[in-house]
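Sharing a structure, written as structure tokens. Questions coming.
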Amino acid sequence: MYAAELVGVTKRFGPVLANDGIDLAVARGEVHAVVGENGAGKSTLMSILYGLHRPDAGEVRRDGHRVVLRSPTDAIRHGLGMVHQRFRLFPGLTVAENIVIGAEPVRKGRLDRAAANEAVAALSERYGLRADPSALVGGLPVGVRQRVEILRALYRHAEVLILDEPTAVLTPGETERLFEVLRTVAATGVSILLVTHKLSEVLAVGDRVTVLRQGRVTGRFTTSETDADELVNAMIGRSLTPPVRRRAHAPAGDPLLEVRDLTVRDADGVARLSEVSFTVRPGEIVGLAGVAGSGQRELIDSVTGLRGAVPEVLLTGTPVKAGRDPRVAYVPEDRHGRATAPAMSVAENVLMGAQRDLASRWALPRAKVRARARDLVDRFSISAASVDVPIGALSGGNAQKAVLARELTRPSTVVVAEEPTQGVDVGVRERVHDLLRAARDEGAAVLLQSSELSELRDLADRILVLYEGRVVAEFPGDATEKELGRAMTGATG
Amino acid sequence: MNVFEWSFLAGVLTATAPVLLAALGGLLCQVAGVFNIALEGQLLWGAFVAVVVSDLTGSAWTGVAGAVAATVVFSALLSGPAVALRADPIVVAVGLNLLALGLTAFLMRQIFGSGGTYSSPELAGLPDLGELGLDVPVLREQSPLVPVALLLVAVLAFWLTRTRSGLRLRAVGQHLDAAQAVGLRVSGYQHGVTLVAGALCGLAGAQLSLGNVTLFSEGMSAGRGWIAVVAVMLSGVYPGRLLLACLLFGVAEAFGFRLQGAGLPQQAADAAPYVITLAALVLAAVARRRRRSYEHA
Amino acid sequence: MSAPAVAHRVVASAPVVAVAGALLLTTLVMLVVGVDPALAYPALVRGAVLDGNLEYTVAAFVPTLGMALAFALPLRAGEFNLGGDGQLAAGGVTAAAVALLVPLPPGAAVVLPLIAGAVAGGLVAVVAAPLSTRLGIPAIVSTLLISAPAVSLASYLVRFPLAEPNTGIAQTPPLPDAAHLPALGGSGYLTIGLPLIAALTALWLYADGRTVLGYEIRATGQNREFARYGGVRVGRVAALALAGGGAFAGLSGALIVLGPPHRFVDGALTAPGYTFTAVAAVLLASARPVVVPLTVALLTFLQVGGQGMEREAGVPSQLTQIVQGLIIVIVAVLATLRARRPR
Amino acid sequence: GGTDAAETAEAPPAKSIILITPNPVGTNSFLQLGVKGAEAAAKELGASFKLYESKDPTSIAQNVDAAVRAKPTVIVGISFSFDDVFTTVPKANPGQQFLQVDSCAKEQAPNLACVSFKEHEAAYLAGVEAGLLSKSGQIGVVAALDTPFIHRWIEPFFAGATSVKPAAQGTPLYVGGSNPFSDPARAKSQAQTLTGRGVDLIAAAASGGNPGVFEAVAASGGKAFGVDVNQCALSPGNVVDNVLKHVDVAEHAAIKEIFDGRTGGVKVYGLAEGGVGVNALGDDLASSGCTVAASPDVVAKVKQTRDDIFAGKITVADPLQS
């Protein structure tokens, strides 16, 4: 009998068929990996298992019995626990409060803090998940926050623990520690569902693996009997294309982007960037690697001018201008928060930055705005009902193409791309890569930040590794993931 | 301490009490992540119903109960659209403030047959603490709801930090999705606080129309609900700070009166509470900024 | 689109549904308190448009539309301007002061006070901009707080330095004839204020949809981070939008003062509640600027008609405030229901 | 709302009176008196009566126009708020009779009659009482707004007090706020401010706010003066006397004159004409409930002061004329 089963689960979001008749079964004490490309439907499936979504068809079984999960409350009651891709923690509450919430110990009608702290300490001890029960969660490092999430599930007696991309935010060291914890937990009979993109992890910690592609199961393997190639084939329907040929001639000329000894402090005076120096020359793609929060945000905001005038940043030899330096094309990571105004039309979104060029003395003619947008939509093969629909109505990949269309058609010589393929499908991904290469070939200096090491290796001529606000290492574009991963943890050399 | 200062303190408390009661409701909503700027309308509605019920029944306490009940019902007009349907709470509140203004003025004419101000010797006001045997300076001439308001500050502080439901409420306000994910009935809590805020505004209104005075006049909330909103903004989720913010307003109003006595024009007194409240907001914001000003080395 | 389809869209549009819903609820209120709707509604219509009342409706329409722009313009940039009363009073008293104290040739005697009023209103409003963009104090609160002292200041000025001597009421002396708004036709209430505000409304609609500034204001209102990222100087744009809104309010005040009875009477500008009627109208238009003049007309109709209803049918005119409040709540609800409908 | 007082079902009376107030009547005793006078006149003259309550200066003009269209026998407007409208409208409608109570338009048309009062004379008498009765020598006024007209209740009151007690100190405070004429809460706070600094006698000139003043003096052991009507019964034992203004009587008489064809002109009602006064001078002093009844010496002094005013020995300065 399986601890948890999803049988024939189908879920549709409007036109998107996120899950299409998926069967998945997890045995007791098993670590079961779920892999698949962005948008394959992994998170949706896990959300269904945790009662966050109701399936359109199919059912969920626990210990062989059918259960109806209307909400996370139901799921928790049925012994399910989940650690979300985006943490669901309360920054203003303590570790203990975050863990016991929903099932708090109470004495004489009052919250029993002592009992809560004790229970949390006991759990930490048992699973080797160290965390100070009375610390405020808001100030904790990412790895510890994740532990709090896991402890919360265990505190609620989870027998099936779902982790959605738990390693995306972790350093390799933290990842290693997490895997130890997962093995300990699984050994006590808890079943673990592990969603991840990283095949090495699947092979390292998983017992079995299920591969999803476009909402369907395309493979079921026992990890001891498979390898990365087989998994990739199931994931994308073909083998990986051989590494892209690098351009013949080397980048040359004066640097278009130069950062000299840049130090940036945050609101509390803590240095987020320390003495960062590098250059990007015309026709060069420089990759930026590092675990989340290593200073990428501060560096990119400094380079684009969004942090104001930063004398340490030189574009074509002169300091970056405050506001948004027009010499930079910038594809931000946060598609709805920064890169677009979701409620405005496609035409008005791709207009941003070009409005003054299109305007005559008094007017910004609508016809011109729409004509230009139609041109971009055609050239970048963006699929949109019309240029007048809100950009928020476009699929993620098409919205991303629109952002690229806008930025890459700016008359700029420096291109900053931040996670340019996050959450987009393979086709878009290849197109995005082609566009970045084309920009490079036309002589732009490209700064590419990505958490996908394979992407950096595919595109970058050089890769800088950021760790705690410093550039700790520089590699050629063909560095191994192992080398890069080591540097990302701060291990120099 | 001489009589002059006692009377000043009494004036401060009188001005503070209704604002504080309403602001406590606003604070609860803020803790639970509901933006409630309908306090002004609810305060006015509470004041009106308190007078109507007291006039009908001859009992001030029935009036208070009626105000609380009626304002809870009124606040459902906020919680329904804003919490259940997730409508823009600002827009709904703007509508409700207008509705309260119109409804009270309209019903006043229907019930009492005239607009403007209604008072009558038969209208029972809340007793003074002095009459109830608490013959202490400052409190002597206050209604029992004044100490109740002060007590509620402590009760709320205790509730939010020491009880299970208080913890859950704070959780809901901090991270809605997370609260949902740990199995809390998020909208239940949000409905709850919105209605409790209604009850508190009912008390605030009753204190205004049956405690501070014994009558109803059109628009008598006169911006107090907005001051309460500002007090909530100033104090975050801390009831103690809320008390201070509301006292600041009380002092500003009482001080404004003194300004007149000192020869300044009446208009200066009118403006004083707003100017002082705004100044406090600005100072608080600047202080927040200064704490971070060593950011650029 | 076919004619029936157009008709369907109009009938199902949010303002129409909201007004219908609010009227339904109001009728219910009437029935509950024993007012005969068959008596009240005709009286309302007569009070607004018949028996020569139309000129009052038009006279009230002018400042209400001005105040609607005062709210709508900053709203496009994402700032709530609830301080219209203060900006209105500041504009009115400034216009009166200029008209009374500065000897001006004909023509300039009207134009200069209007400009001065607009500038004064804009200055009062723009204070909220740095408070919002630099200190994070929401404009919805700061404009409201600034409004009260501005009203008090106007009241002080008209009571003391600008007061008419030997009168029982706090008001300025009558403005010189040259400063009177030229009337259109025989009536003193129908002035060039109407074409002026209509032209300014058209100008705003044009600027909003067809200029760089309008685009940047809208982008700032839709997603401030997006605009900032795109190179828009959002601090400046927000300040400009607030100042523009305040200028409309100040101009409205000036228009009232230069119209009959041609003086600043303490309280006369704020008492009719133009500010919140205008807020209601703009919210009713639910983010479609072209509709604003229509919703303003509708609510002015209700307001002025309400007076007639009170005189003739004995129904308190505050009923129209109830209608307005209900309309706003219903509009807010409809907006979410629309957003929820699957595309 | 429009109230029909004298209405006959079959044939509406040919004569009618429309009264327009500047604010909602509510508990505003002054406006209540205005309504009372017009109603009484309507009853006596067999006319119909309608009341238009205005909300603000704009709605005053609108109500006046609506009234003109209804063509009643007379249109009555109360208070100085009608100064502007009654300058223009009567001229434009020469066939219509108008009556302004309590003030008069600057340029008076022949079809506009005016009734005004010398409130300052009565306030002076109340001040005399206050001067004699104050123990602390500190007296005060809580007035609705700091407008010139309202000063008629302030300076003469203090002048009366200093005439009998030269050392008396007078302090005026104003209610202000968004609701100055009906905000008893603020009125009470202002009165408390005064009592707090030792004031023991307060003249309440805050209209709807007066009850707040009475509440404050009742708590502090001081006493107050009412305004316009006998307010002694509102707060038994706490009100010394009232600055009476017989608006109803004067208005009734003026309407009657207009109905009789004597139109236009100004009538000023002072002490001599019986238009203003204090309860101490009334025949019903004993039953008035006013506490001044318990001080015959004060009543005697008030009577003497009145006689001095009649005789011209005392002239009460009118703050409006200064």
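Just so it is clear, A, B, C and D label the chains in written order, and each chain counts residues from 1 on its own.
As a convention for this text, a contact is a pair of C-beta atoms (placed from the backbone, for glycine too) under 8 Å apart; a residue touches a chain by one contact, two chains touch by 3 or more.
Listed by chain with UniProt protein names: A = ATP-binding cassette domain-containing protein; C = ABC transporter permease.
Just so you know, these numbers come straight off a predicted model, no measurement behind them.
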item	value
Interface with more contacting C-beta pairs, comparing B-D to C-D	B-D
Mean-CA-position distance for subunit D and subunit A (Å)	76
Where subunit C (ABC transporter permease) and subunit D are represented by their mean Cα positions, the distance between them in whole Å	36
Mean-CA-position distance for subunit B and subunit A (Å)	45
Subunit C (ABC transporter permease): positions in contact with at least two other chains	159, 316
Residues of subunit B touching at least two other chains	109, 115, 223, 265, 267, 270
Pairs of chains found to touch, sorted by chain label	A-B, A-C, B-C, B-D, C-D
Complex contacts: residues of subunit C (ABC transporter permease) adjacent to subunit D	51-53, 56, 59-60, 159, 163, 166-170, 260-261, 263, 265-268, 271-272, 304, 307-308, 310-312, 314-317
Interface residues, subunit A side, partner subunit C (ABC transporter permease) - complex	14, 306, 323-324, 326, 330, 332, 334, 337-344, 348, 351-353, 355-356, 359, 362-366, 393
Subunit A-touching residues of subunit C (ABC transporter permease), taken from the complex the two chains share	209-212, 214-216, 218-219, 222-223, 225-233, 342-343
Subunit A residues touching subunit B - in the complex, by the definition given at the top	50, 52, 71-73, 76, 82, 84, 87-93, 97, 101-102, 104, 106, 109-111, 152, 263, 265-269
Residue numbers on subunit D that touch subunit B, as the complex places them	1, 23-28, 53, 145-146, 171, 173-179, 181-185, 188-190, 192-193, 195-198, 208, 211-212, 215, 219, 233-234
